[in-house]
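Consider the two complexes below, in which chain A is the common component and chain B and chain C are the respective partners.
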Partner chain A sequence: MTTEYLKAVAETNDWWAIAPELLLGCCALALLAMEIVLPKHEHRFIPRVAIAAQAIILGFLLYGTYSGYEGGTSFGGLLQHTASGHYGRVFFLLSSLLVCFLGTICLPRTRMPRVEFYHIVMIVTAAMMLLVQSNHFVLFFVALETVTIGFYILVSYFRDNALTLEAGLKYLVLGALSSAIMLFGIVLLYGAVGKVMIGDVVHTGFEFPVVADFLKQNPDSFLGVVGALLVVGGIAFKIGAFPFHIWIPDVYQGAPTPVTAFLAVASKAAGFAMLLLLVDGPFAPLEGVLIPVLSLMAAATIIVGNLSALTQRNTKRLMGLSGVSHAGYLLIGVVASFRVEWAAGAVWFYLFTYLLASMAVFGVMAHLAGTDDTAQELDDYERLARDRPLLAGVLAVGLGSLAGIPPLAGFMGKLMLFIAAFQAHLTWLLAVAILGVVLSIYYYFGWIKSAFFETWRPTPAAETPGGRLASLAPSWISALILSVLALATVLLGFYPGPLSGWLVK
Partner chain B sequence: MNPSNAQLLQLAIATPLVAALIIALGLPKRFSTKLAAVAFVVPALIGLWLWKEFPAAAGSRYVFQSNVNTGLEIFGISLKLGLNGVSLPMFLLAAIVGLAAGLYALRSGAERLKLYLMLLLVMHGGLLGVFASVNVFFFYFFHELALIPTFIMVGIWGGRDRNYAAMKMTIYLTIGAMLSLIGLIAIYVKSGAGSFDLVSLREALAADPLRVSLQKNIFGLLMFGFGILVSLWPFHTWAPLGYGAAPSSAAMLHAGVLKKFGLYGLIQIALPLLPAGAAWWAWKLALLAGIGNVLVIGFITMAQRDLKQMIGYSSVMHMGYCFLGIACLSTVGAGGVVLLMVAHGLSVALLFLLATSIHHRTHTFDLSEMGGLAQKTPVLAAFFVAATMASIGLPGFANFWGELTVFVSLWHYSPKLTAVAVAGVVISAIYGLRAAARVFFGPPSEHWQKVSAAHPPADMGWGERIPAIILLAALLILGFYPRTVTDGIDHALSRPAGPVTANVSFHH
Partner chain C sequence: MNIGLHEYLMTSALLFALGFFGVLFRKNTLVIYMCLELMLIASTLALVAFSRFNGTLDGNVFVFFILTIAAAEVAVGLAIIVALFRKRHTVQVEELNHLKN
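Coming up: the complex of A and B.
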């Protein structure tokens, strides 16, 4: 490599393009510095600083000049700034903002250190935001490992709880396995492609466009196909698709509630962002292999996720397994995106509605969690509607949206995926999805039932004024945030225009 | 086309929904009941006004049209409202039954009344929207909007077995709704119209019909999807259970109006868009409905001892006639079904209302524990007998014309099935009159003597009478002067192809 080459690469460095990620990383470091500098009694402001910083960066991202970058590459082809990448950045930042909000509810109940939590969440988010823009397998893997290692710590954050430690260990072992599988796939692709001279510059099989070219010319390359399938397998672990979903219930139950929410929303979405990135780019020529594989995976994921969620009584496990089924519906959208152009936008739309609804539900769960964060049962919701109508209302809207009941936003998401599946001639997958939706009604509705419908008793149960639920008054700010989430879910159901106009074109 | 009428139509749908939102945002109870009353009355007045304004020659053309973009134009989805000869009577039915159910709910003294009224208003708004939607997507959307409150109302205010009933209803109706949604998406995708707008769909499919095999599949989806929602035998088991457990106003609105969604969908969407599919399925539908809904359920109804369950089963049975009318595939048959839907909606709502009034006095739904109520409550008895007569289909009530028209067209289709259907009338006379006799006449039962001694029963107060009078008056008006709606229905169904094309110019 000559100095000219390095100079040429350096000229493509566009720091402004990744300013949001840089800012986020700097803020995360600043949090640690603040902990050292500030006197102890001022530490309670640090989470607020974290949330405020993220809100500012989010506004910056939404109203900044980032749409102008669409299509271009920077950093010598490491990054590509696409519309999908922009959606992803907004999505991850929004979800980390809400996870930090959940952290402010859950963390004060424990004696664990607080600042590190926000620090890690923000670093992980910055890595996810880079991940969705990656155009090179090395950056792809490095960003992904940053995310995963952050999650290893977050999952076992409540280290005085045996179930949490178990979850941490499971996530560590299986996460490492999936990373290894993916890395093996990347290496196989690299080996299959070899080195390519374009002009007088050497390109390697790490670069997405080069891989795409290679696979277009050799769609039957054995190494290429195996490599791609291994990469997809590694991603399937992230999204919790069958048969890589085994870790989900235990890890979701053991992880602290905010981390469960982070896993369920951001980590899953990161998986789909990676999948869309690859399916739309380097792996597009492998349609013949990937459509059947992903279709089968989608069908199995929907069925297994829904069936195993049916009997759950622990709400965190329930969210995890029902989240598996959502991964299945989303996979249908990914499969459809091979044939229907706007299907990727529909996947993003679904992810955004899923974010709003899941965060609303996790918000309610965070309020109801007792001292043992892993023991959250459906029976804890008895009398919720009577004692805490706001929380019950938010819960009902969130669950209804997850179940895909009109007029809530989740229905619009499902509708778009179904239309896309129909246009892509995936009729049998559609039938499986319908079956899944009907099954999901049982457990989502069962949850709503336990919050709203009191068990009919011949004689009214003894009233216990000032009981467990009475102590769970949400603060005005949590009430506001949860109401906004629920209201957004309702309004986007009636009038999806703002979101669909942005995402689906 | 008068734009102010189009706005009135929008207003009629928006009023209950906005009122529900305001109540949800924390309006004090005192104002909530007043606001709810206004929100129940406004759509009924608008409905009557639009009925007066409706040009009888409009036919299947939609008048009072308006179109609002909700941001899903790329899927051909927009909130397009309008009424034609078939949807106007249904819209009016929704407005009137909604008014009666709402007024009844206001005086019902239900626990957590604000939530109750709020859910009922959402349901009412959804129902009005269903029948005013020209866009098939919103037709489905409004149906679901009305359906969700039903589940919650059964679960919270229901009677015995409410948890089981709510769950069963939810699962059955979700399956039905999902099947029909897929059918509707299939029509949308395969028609190539690129739009969910019913008018565009009709034009596209009239110019270029779908393959026959495809029509068969899609019609099958719609038939079973809608059929489950209308309690087609053998998918009916949710209905008696659900109605038995549902609070009265929810049962009135669901059995009276919401359930007709499926039949209305078959008439407005499935029959005109998929004629070949309909022809293939007609005989199977007729058999299921004739043997299953009319005969089997008829006998089951006779065996019921619980008054509310009996009314629930009888409504399942009467849906059989509607399916039979649809299976005739004739203009007369479909027209009869529309009339019968309206008539049945009014009479079954009245019956559910009266059943609850009876329960307030006797504290039981068990027919064998009642008897001799007429001495203490003559007005209630008179209303109940009238409602029973209407439900049987005696001349003078709207049901008579509906059933008669269905039978006439059924005769052309299959005389044997007509015999089955007419036997059904005898069955419904047996259980209807027997129930009236058990409850109101004969010697007072032991239970009734005990209860009436403990709580001396009052006859129907005005809070109960006014809704009952509204429903009964509508039944009688249609019974003596059916032309008020049949002209429009007739024009809409007999000339479906003609004026459709002449009309797409109006955009709001």
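Coming up: the complex of A and C.
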């Protein structure tokens, strides 16, 4: 390694390309500084600063010059700026913005410190934004661990609640287990590839293009295939695919509601972004192994997720298990992306519709959560339509979109995924998915029913009418945000053009 | 006896398997946590061995990243375990099963 080589690598450092991530990290640190500097009665402004900063960065990302970077690499091949990476950055920033909004609803109910929540959410988001652009296994692993360790803290954030801590411990043990499995896979790939000389520069099995070349030439390499399967297994944990979904219901129930939303939306999307990154790049030559494995995983995930969600009464567990079945539908899209080029765009479209609908539902859940964040039952939604028609309407739109009812956005998302699967000749997977959708209508409509229709009880409910719901009036700003989410879900169902034209090429 | 890449990899795979089955079957949270660290150490051993026998330095550099990540993970993990112990006065997994419907 000569000085000239290192100089050439240093010249590829393009700091402007990662300016959004850097800004996000600096803002996160600035929040902590503000907590020290500002007097105590001014602390309520800090969450607003966090949200405003993220909104500005999001605008910067959407209207900036970032599409000009598409295709190129920077930082000596650590990062690759692809269209998929750009969608991922926008997605993660949007979801963290909404999670911070949920935080402003839920955090004031507890005596926990507040500023650190926004700080960690922003750091995790910056790491996820780097993760979707990674082109090197070291950056991939470090960014992923930054996300995971941040989530350990977030899941057990309400540390005065024993159930939350229990969920935190479960997430910790299983998350660390999956990271260790993935790390071993990365090590095996590194060992399988060995030393590759291109010109007089040494390349190793950490670089995605080198791994792709190696697997193309040796698709039967034992170490390579085992390594790839271990990496995919680690990702399957993040997306909650069968048989790695066992942690989902417990952790979703125990985690604070904003963190449950963050796990359900951003963490799952990060898993799919990683999977798309790998099956499109280094693991593309392994389709003979990966297509059967991922297809079986998708089918099992859809069936298990839907069947176990049928009997749930706790809304957070219900969201978790129905999220498992959504991961199954998305896996079908990933399998289809081996053969149909635009399927990756369909996966991103589905993720965006899932983001809007889930955040609408979690927004309603955050308003209805009592002092004990882990006990949110379907029975709490009784009389919601009469007492809070706006929240009930948003809930109905969100759940309808998740169930895939036409004309809502979720229907368009499912339709695009299923067309991609059909074009990829995955007919039996398609049949399983449609069966799953039919099953899911049962529990989603059970939830809507408990909000809109009164259930008959042998003894009248002990609560005074409106007593519990009266304290839950959404502020005008949260009413506005929830209405925008519901409206976007309806509009995207009728006019998917702008979003699908951007994502599906 | 000549110790080569093969022996190092067998040791590493053995350590990894020990850690993996330890996580699955042990009942004490702290022991489970030690088993998780064992899995990370198994990966670093394999990395160093591959790095030595392939003649590339990248593996050795990655080990430092893994050690840093493991330290961060331990700091957060032990904090959670201690907080849980203060609430429940136990770290046995069979007693930590209150999240059920």
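Of note:
Just so we're on the same page, the second predicted complex is superposed on the first by the 494 of 505 C-alpha atoms of A that agree within 3 Å, B and C clash if a C-alpha of one lies under 4 Å from a C-alpha of the other, contacts with A are read in each partner's own complex, and residues count from 1 in each chain.
Keep in mind that, in the parts below, a residue touches a chain if its C-beta (ideal position, glycine included) is under 8 Å from a C-beta of that chain, and two chains touch if they have at least 3 such contacts.
Everything numeric in this text was worked out from a predicted model, so none of it was measured.
When the two structures are aligned on the shared chain, A:W16 is found in touch with neither chain B nor chain C.
In the superposition on chain A, A:I441 makes contact with chain B only, not with chain C.
Shared-chain residue A:Y5: touches no atom of chain B or chain C.
Of the two partner chains placed around the shared chain by superposition, neither chain B nor chain C is touched by A:W428. Of the two partner chains placed around the shared chain by superposition, chain B is the only one that A:W342 touches, whereas chain C remains out of contact.
For the contact definition in use here, the chain B contact set and the chain C contact set of chain A share no residue. Chain B meets chain A in the complex at residues 69-72, 74-75, 140-141, 144-145, 148, 151-152, 155-156, 160, 162-163, 166-167, 170-171, 174-175, 178-179, 181-182, 185-186, 188-189. Contacts from chain A toward chain C in the complex involve residues 138, 141-142, 145, 149, 152-153, 156, 159, 162-163, 165-170, 172-173, 176-177, 180-181, 183-184, 187-188, 190-191, 194-195, 202, 204, 206, 249-250, 253-254, 312-314, 317, 374. Chain C contributes residues 9, 16, 19-20, 23, 29, 32-33, 36, 39-40, 42-43, 46-47, 49-50, 54-56, 58-59, 61-62, 65-66, 69, 72-73, 76-77, 80-81, 83-84, 87-88, 96, 98-99, 101 to its touches with chain A in the complex.
Note for the complex: chain A touches chain B at residues 342, 400, 405-407, 411-412, 415-416, 418-419, 422-423, 430, 434, 437-438, 441-442, 445-446, 449, 452-453, 455-456, 494-498, 500-501, 504-505.
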